[in-house]
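Everything on this sheet refers to the single structure shown next.
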Amino acid sequence: MRTSIGKRYWAIAEGYIPEQSTGPAPDMTSHETACILNTNEEDASIELTLYFADREPVGPYRITVPARRTRHIRFNDLTDPEPVPRATEYASVFSSNVPVVIQHSRLDSRQSENALMTTLAFSADQ
Amino acid sequence: MRTSIGKRYWAIAEGYIPEQSTGPAPDMTSHETACILNTNEEDASIELTLYFADREPVGPYRITVPARRTRHIRFNDLTDPEPVPRATEYASVFSSNVPVVIQHSRLDSRQSENALMTTLAFSADQ
Amino acid sequence: MRTSIGKRYWAIAEGYIPEQSTGPAPDMTSHETACILNTNEEDASIELTLYFADREPVGPYRITVPARRTRHIRFNDLTDPEPVPRATEYASVFSSNVPVVIQHSRLDSRQSENALMTTLAFSADQ
Amino acid sequence: MRTSIGKRYWAIAEGYIPEQSTGPAPDMTSHETACILNTNEEDASIELTLYFADREPVGPYRITVPARRTRHIRFNDLTDPEPVPRATEYASVFSSNVPVVIQHSRLDSRQSENALMTTLAFSADQ
């Protein structure tokens, strides 16, 4: 089996954390996730930069995904260098030292029933 | 970090703005969005052309995404050269002077709970 | 502007038309769609083949998308050589004489609120 | 028509089977699916490996998709070498002896109305 799958640069153009939620936290809290898969035999050190509509990019946020592990990063939980503002349009770019695979998901529970969406992120060095 | 990520040509084959909406505007208004990320050090000048089922393409719509910014364009808000008709199937092609990343999303609130969908657009020069 | 965007071969691995629907037809009828964009200066002649879990493939279904047009094909509406069975898992392969772009969507209204999903199809000659 | 479409290596970074469901089983049971299309004239032998956040990968799960067939694999139904835990983040890697196409879907019925999402998986040898 191949032990290294993916790309080193990824981008997600759609980003938006709804301000309201309905239902029990944290499962039903409106959130955005970057699901990262690291199939390598070494840890992945990833730098995440957030882009906005009306101000300079913010980052890097530093994320580690251990060897042979997956991590589902909630943008809601990021704090350093600063929290991700709610009800604000943003986009994100990931730069990793080893190939990884990144998929983007959102759960929106502003209304009483949740809505879901997902897509493969854009891999920049394909 | 790479400062230029993406492609210059993008297409979204699925386009449809529902005519009805439920819930407070503008958040819960049924809408379609093209989320555009410009990581370059220069502004992106983008021409958008809309394709229809039964008439000639319409455009170009001209969109600028400043350097190091993201813009989430609502097709609902386009007016020049003409508004996007509701309840009508269309598709869209984007041509940019610099590489960008484009993701397509729809919020459909025709029924009382909203539904969401998203996908990476097709990059034509890959 | 480029006048030819896309690929000639596409596949959609996920296919399923729910048997039940809630809400006014045809908008809220559970359905699956292949949105096809033809940016060329000539018509696209497309052959569609359906694959199933337990029997031989069915096709070709013949689809024409005129030059500079988009068509959103509902699998529900296909009849020749035979209708697409409901509540049955299938997959589809498209073969076009000119490059096109294909995106897959489903509206599922089995429950009282509709759910949506979409993805870019897989382009086989990339 | 081309008889072999797809890639041999695929990854899905997002994986999560909700623990609760609403509505009649099995249709409305919360589930995740890998839809696999094999257009080849020979059977596809696929090895699936699951990755987790906090322990070593599990697998291989062995899947056969006959020649000219599609199979929609529910992760819920996998049992050998072990069932997929519910309410647990995971990711998956597929390795096939022949080219296939893989698409990922989730139906989440934790709340009374179901939500759907889908995306093309990441093809590793593109």
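Here the chain labels run A, B, C and D in written order, and each chain numbers its own residues starting at 1.
Please note the rule applied: contacts are C-beta pairs under 8 Å (C-beta built on N, C-alpha and C of every residue); 3 or more make two chains touch, one makes a residue touch a chain.
Note that the structure is a prediction, hence the values are computed from the model and not measured.
Farthest chain from subunit D (centres taken as the mean of C-alpha atoms): B. Two copies of one chain, subunit B and subunit C, touch each other, and the residues they use overlap weakly: the shared fraction of interface numbers falls below half.
Copies subunit C and subunit D of the same sequence differ in orientation by 90 degrees, per CA superposition (steps of 5). If you average the CA atoms of subunit A and of subunit D, the two centres end up 21 Å from each other.
Centroids of subunit B and subunit D (each the mean of its C-alpha atoms) stand 30 Å apart. Touching of two or more other chains is recorded for residues 112-113, 115-120, 126 of subunit C.
Considering their complex, residues 1-2, 5-6, 23, 27-28, 33, 35-37, 39, 68-72, 101-103, 105, 107, 112-120, 123, 126 of subunit A touch subunit D. The touching residues of subunit A, counted against subunit B in their complex, run 9, 11-16, 47, 49, 51-54, 56-57, 60, 89-91, 93, 95, 104, 106, 108, 110-113, 115-122, 124, 126.
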